[in-house]
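Shared chain: chain A. Partners: chain B in the first complex, chain C in the second.
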Partner chain A sequence: MRLRHFLTALAAFGLTLAAASAQTADQYKGKTVAFVPVALGYDLEDGWSAILKHQADKLGYTYEVRNPNLNSDVGAQAISQLITEKPTVLVIQNPDVQVYSRLIKKAEKAGIHVIQINMKSVAPSDYFVGADYVQLGQQAADMMVQKCGAGSGKSGKIAIVQGVLTAAASVLQMQGIDAVLSKHPDIKVVSNQAADWDSSKARAIMQTVVQQNPDLCGVVGFWDSMDVGTGSAIREAGKAAQVFLVTSGGGSDTACTNIDNGTFGAELSYDVPRQGSDMNKDILAAMTAGPAPDADKVTQITPLKVLSKETIGTTGCWTLKQLQAAAG
Partner chain B sequence: MSRNLNQERIVLAITILLFAFFALTLPGFLTVQNVLTLLRSVSVLGILGVGMAIVVVGRGIDLAIVAIMAVSVALTLDQSAHGVPLGLATLMGFGFAVGCGVVSGLLIAYAEVPAIFATLAMAAIIAGFGQSRLLSLSEIYVTPASEPLGWIGTGRVLGVPSPVLILAAVALAGFVLLRATKLGRFIYAIGDNPRAAHVTGVPVRPIIVLQFALSAITAFLAGLITATSVSSMNTRIVDSTLIYDIILVVVIGGIGLSGGKGGIRNVIVGTLLIGVLQNGMTILDTPYDEQSIIKSVILLFAIVADSIVNPRDEQTAQQGDI
Partner chain C sequence: MPEGAGPGLRSGQAEPASPARVGLAERLTEQRYRLFPDHVVGEILAKGWVDNATPFAFLLIVLALFGSLIPDFFSGASLVASARQLGEFGCVVIGQTIVLVGGGIDLSVGSSFALGNIVALMCINLAGLPAWAAFGCTLAASGAVGLLNGVLVGYLRLRAFLTTLVTLIIVRAVVDVLLLHEAVPISMGNSNSAVWDWLGDATVAGVPFSLIVWLVLIVGGHIILSRTRPGWHVMAVGGSRRSAHNAGISVRRTVCATYVIAGLLTGLSAFLFAARLGSTGSETGSGLELSVLTAAILGGNSLGGGRGSMAKALMGSITVLAITNGVVRLGLHAGAGPLVLGLFLLLAIVVDVRWLKNRHKILSKVYISPAYQRLAPPASAAADAGTPYAMNDKLADVEVLGLDRVDGPEDVIFDRNDHMYTGSRHGDIHRFLAPDYTRHEVFAHIGGFPLGMAFDRDDNLLVCVGGMGLYRVRPDRVVEKVTDETNRSRLSINDDTRLRLADDLDIAPDGKIYFSEATTRYEMNTWPVDALEARGNGRLICYDPARGSTRTILRGLRFPNGICLAHDGQSFLFAQTWACSISRYWIAGPKAGTTELVIANLPGHPDNINRASDGTYWLALVGMRSPVVDLSLRMPGFRRRMARRVAADEWLYPNINIGCVVKIDDGGQVLDALWDRHGRNHPMITSMREHRGYLYLGGILNNRVGRYRIPGADPDWTGIGSYWGARA
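So, the complex of A and B:
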């Protein structure tokens, strides 16, 4: 008898559950999320995309990517087109602070919720998920002070390898670095050049810098993909043990490999899986919020993870394969 | 006077002057180590320049050279990372490069599409197809599986970096090909006047195909150096200004784009100028953007000097520039 009661209860519970999940599925069905990255084909963007797709598949809404392939004109066209197609949520990675700003305003006016990822535009939108590049610069400079500054017994000479000079990521990181170094006259910047996110250029620059400054103590690089070039110049000069290279990036398995083999001293990582799940939360919030743009903007700053020889054993790196496998 | 002062000599003079200037003013410029670094940093450019020169002398141009370099080497690294034996993967990359070169050559020689359009289209096709279909990511890293190739970019023989030695070998091979073989003479003949060459019995079409295959091989070699020295191959290099730099070292050294003129020596002179400039300015900590401006101004100066010393005459006007 008790068993029957239990079974009935269980069946009832099951029914409610099914109804509830049917309701959630219905709630998202027919909605669309569109993603306009800077370019696919990099661990960062492919990683985000895999996570966004994963949730879309699970909850039954449509997910699509328009890939401008590093061309901001194509990106602007894609966004304009999407504004007429009216997706529920538009995820945008800005190539610089200006180029999409008007389109972002237009999209929000048309009732599309816009999430900006990692690179901010001057136009604020409902949601921003990303790293704080000023803080990133500060943290990297702090590392330099600690490794090379007064009291470390080292020369205090450091070099900086920027990305594209005008990119927000370069400008803001430089602000952070300047803020710290202005208080530390013991640190001397012997070279500060832009390598345009290109590992070959970074390598050529660093080779000359290391040679001209045999007592170089540290290097701040602005992106891990580029800094494999920086690091290989240092390694080839036989200075890997002397020169501490700190870089930043999404923290994929490439970062761990390079920390493991000594190319990078440390990587400040803005944790792609975390950013992906932050975006997914924002997407659900936006879908339930209705078409009007929110009055207050939601900003989620991704906390930086420090990846180094000491920490990669415990925190580890992510691989694109894992994320894609999870997304099915 | 004008016979003694051609563009090659002007550029060589500028290079020597700059070298002397940096040697006197910059501490640490005139050291064996720095000169080797200087040569090393332009070795890839020089190798690609030799490949381009072989095509340009025959009145062609290969705008697909960077795309071939990026995709073929990325293919090798990607395949070896996914378990294909390194030897086979290298062969696949090499085969892909040669295949692309041959297709370009066939389009130009047999379909008679102008080289500039055929290779422009090929560059876009190779890069697009490679990035979207052949490769797993836009940037392919050197993995432990492809590590045995490492010496190509990072090795040293008797203290000389291997890329410098490879540049020397490629330049020598190119020199011998163009100056000492029948094939080389044919290439000059085609560049000078394709129709006359054809009438005199030169197998024009097969030689054009061969030229593009050769430039593709230099591209693969240059790509291996690039990839192994920075432990990765970023196929986005296709979108960079590298292709202009290659044409620049070819043209600045004095090889006319109208074909039939110049040789490997011109490429070496052009490459050295770029190398001295880049190295000196990096030591001076000149920002990258300013480096490009200064580089362009000096190159423009060399071209203007040439057109003053060697004014256009009826013959050059007839042949035309590109």
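So, the complex of A and C:
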């Protein structure tokens, strides 16, 4: 079944390649795509990077990645630097909604096409590829209502573990959650804290929350890599059966493993291979669009998949190795 | 000899031996030591700024490395992009440097920075304050963290490392609480301050605003740290708290102030950062303390305190930012940046520790740099040699004055009332009262080691004080500094403006004071080492009371020592101890300003020269030459090896255990010699003064003054009378 998933991903590559082969390959020579993630070393960013690199290798343009490693000042510096180097396309994952906004405007003014991936800035750019986090928040909250709300016979107490508070993923997801929970007074948020995408922080937070609320019913975590920590705190407290943890992420094998072993109740997944190929399409579009970026903003929303014990059998998860192998 | 191989040196050199006896190898040696100024190496190592050499080399290596790895590392636009960040980062490094120099360490800068950042953003985005008010709040917030550190470390004397580690955690927690409540509203809010918006992206003539702020702070900080009282206080406290306290510095207040300054600078930096990025991310400032500390240490600021400068802060900041940005631009994987930085920090600490520990060792090995000197064999002083120097026992039964009451009477002099004055090692000028010189008192306390003395026209006692300069003691015992500095030589590496070892003086009829400085490379307590070098390290200096100016008139002299105005007032005779010669410097007449050799190749090392009643001069030979030392002077390499490998008390020094007094005339004829052959009373004589028919003998290592009756001398003649006439 996982194979089929891969075939779709490969088909997506194939499409982009077919589009590319219509042009002469030379047209991409000397062009550059630069990627500034929040940090490398996580399934999400490494997955995107592998896919971006694959197309670059195929078509002969340069691909480089600058790793700020969770430090937005370093990231800002890297982007400032890149603006002076003038790559054709700049792919940015915003660590928060504000920090790169001025730089994104500056980059576009300098004639660089900017693709924002997954997490938006307040400054819009030509391209955005990513999940609809408001909807994601709503879905997560709906699950909480379903599992813990009136009629479920549970306490109705839930906890929220945010990422970086000002990251788009946190801000928008909270909007979605708030929208649902405002209609459900039976759900009580007993803790709403930020773990800054850090699994050890998440674990520390959850250890306290579970002690303070022995009858906790559900947890909304904002990112699977971080919520590995959240889940382990719950399991340590012996509450894995009682507390339902819903998280979200790129749907890599980490997700499947943790759903399998019961750490995650469910994961709302935005499909990384698909996001990668969406970005690759945008890159080709940007490269052929001529010197000035288009005035039109292109937004590609990644559809959400629900991964749970019931569904992982059919959809499966991806691994970085497979992505790199498929790409290589 | 970098410069100033003046007439003094040339004429001061001894006559060379006949050419036939000097081989080619030795001639090459002579030229090699004449052409290559070896002593420069030691003098450079002795400089304060040599601490900067390693960090500077480091900076160059880092820049070269990343410059070659990254194509347009040095392009203008790329530099501007880095410079903005450099300005912000550098401000924090300045603060850390000041704390380090004061002997502390501030780990809380990262949290303090985050606090400043969020306070600034709250003021602008939430409270809608104008930029200046937000600036004030930011400084207040970060300054308060500094004050907390300062009170805890400075006044309550807690350990800086642990204390600031705790404030790091506490302030970070405060920031986290603030973030939880305010981060989202802040990131949704907007500023309505034009100044704020300008600050974030400001350039002045193409230079980022923050860089300009930083450079101004560097220059200002350098002036404060190196040229002002508060800066010196910080240096002193960092160097040694106890000594600083004993010197009357308020250690607690100074330490506290360094932390407050660091806090304020962190606040300034946070304000600029907030204006640039508007980021409320919780990672703001995290790990900043590590990179700031790395920058400060990598720049060469010592962890132990007391050693540091703004130049070091500057170099360290650039190096660290080049590394962090370079690593990111190379696209290295997560953790590589901190890893590389950590390794550099480790390296910097190792270099810091090893350098501090070994610097003085290296210095002591290379500072002594012998030069080549060739002296012809001297006339014999054997008792039966038949030369004027022949040994005798004329001083065998001199009368001993002031036994054990003086320690080191280098010079002896008499005033118009026949009272006798001598210096002592303890920094006093003693007065022995006429007529029997049994009663004595401390006439004045100066502090340094009083050496040569002379009375001026108005009965002021002028004294050369080793380690201090030229001083004047008025008849009412008031001590005044005459001069302690002269003009700097253009090419000298040692700062030779200060007088290290003013040795002897005499006064011209027009009131100008001519004095010798024996060496500019050694201090009062290490002067014998200068003998090992046999280089012209000394000079003759003139102080002009009319203009209040001090000028060096002759350089490159080999330990110029005694100086005496000739009886006709037209010239000075001066002795060069290691050159074993007497020269004459003309101050009047047709030859004014020139120097000529009077006696070369003395059998001993000349010291003070003073007038004799019969129109001739007394000359003290502080020690006698020996063939071994003479030979070693022709072998600079041998002496250098000796200085490096053998303990100092085993070195081959000129013999200063036995000497004599000789009498010379204006033409350089040696007329007589006075010896204490058995060395019971006066083995070492550094000076002698004739007064009313007696000769009084001083010695820098003696505990007495000797009195010798000169047969046939004028019983009414006095030195002061011979200079200034009988008082009306």
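As a convention for this text, the second predicted complex is superposed on the first by the 305 of 328 C-alpha atoms of A that agree within 3 Å, B and C clash if a C-alpha of one lies under 4 Å from a C-alpha of the other, contacts with A are read in each partner's own complex, and residues count from 1 in each chain.
Keep this in mind: a residue touches a chain if its C-beta (ideal position, glycine included) is under 8 Å from a C-beta of that chain, and two chains touch if they have at least 3 such contacts.
Nothing here was measured: the structure is a model prediction, and the numbers come from that model.
**Q** Using the superposition on chain A, tell me whether chain B and chain C clash or fit.
**A** Verdict on chain A: clash between chain B and chain C.
**Q** Figure out whether A:65 sits in contact with chain B (first) or chain C (second), or with both, or with neither.
**A** second
**Q** Have a look at where A:200 lands relative to chain B and chain C in the superposition and call it first, second, both or neither.
**A** first
**Q** Determine, under the contact definition given at the top, whether A:81 touches first (chain B), second (chain C), both, or neither.
**A** second
**Q** I'd like to know which partner A:165 touches here: chain B for first, chain C for second, both or neither.
**A** After superposing on A, A:165 lies in contact with both chain B and chain C.
**Q** Per the contact definition in the header, classify A:39: touching chain B only (first), chain C only (second), both, or neither.
**A** In the superposed model, A:39 contacts both chain B and chain C.
**Q** Quick check on the superposed pair: does A:97 touch chain B, chain C, both, or neither? Answer first, second, both or neither.
**A** A:97 sits against chain C, while chain B stays out of touch.
**Q** With both complexes superposed on chain A, which partner does A:263 reach: first (chain B), second (chain C), both or neither?
**A** A:263 contacts chain B only, not chain C.
**Q** Which chain A residues come up in both lists, the one for chain B and the one for chain C?
**A** Dual-contact residues (chain A): 39-41, 70, 165, 193-194, 196.
**Q** Show which residues of chain A lie in contact with chain B when the two form their complex.
**A** 39-43, 46, 70, 165, 190-196, 198-205, 207-209, 211-212, 225, 228-229, 232, 236, 254, 257, 263, 320
**Q** What residues on chain B touch chain A, complex-wise?
**A** Contacts found on chain B: 28, 33-34, 37, 40-41, 44, 131, 137-139, 141, 154, 226, 229-232, 234-237, 239-240, 278-279, 282-283, 285, 287-289.
**Q** For chain C, which residues count as touching chain A in their complex?
**A** Residues in contact with chain A: 72, 75, 77-78, 80-82, 84-85, 179-180, 183-184, 186-188, 200-201, 273, 276-284, 286-287, 324-325, 328-329, 331-338.
**Q** So in the complex, the part of chain A that touches chain C is made up of which residues?
**A** 39-41, 64-74, 76-78, 80-81, 83-85, 95-99, 101-102, 122, 164-166, 171, 174, 193-194, 196
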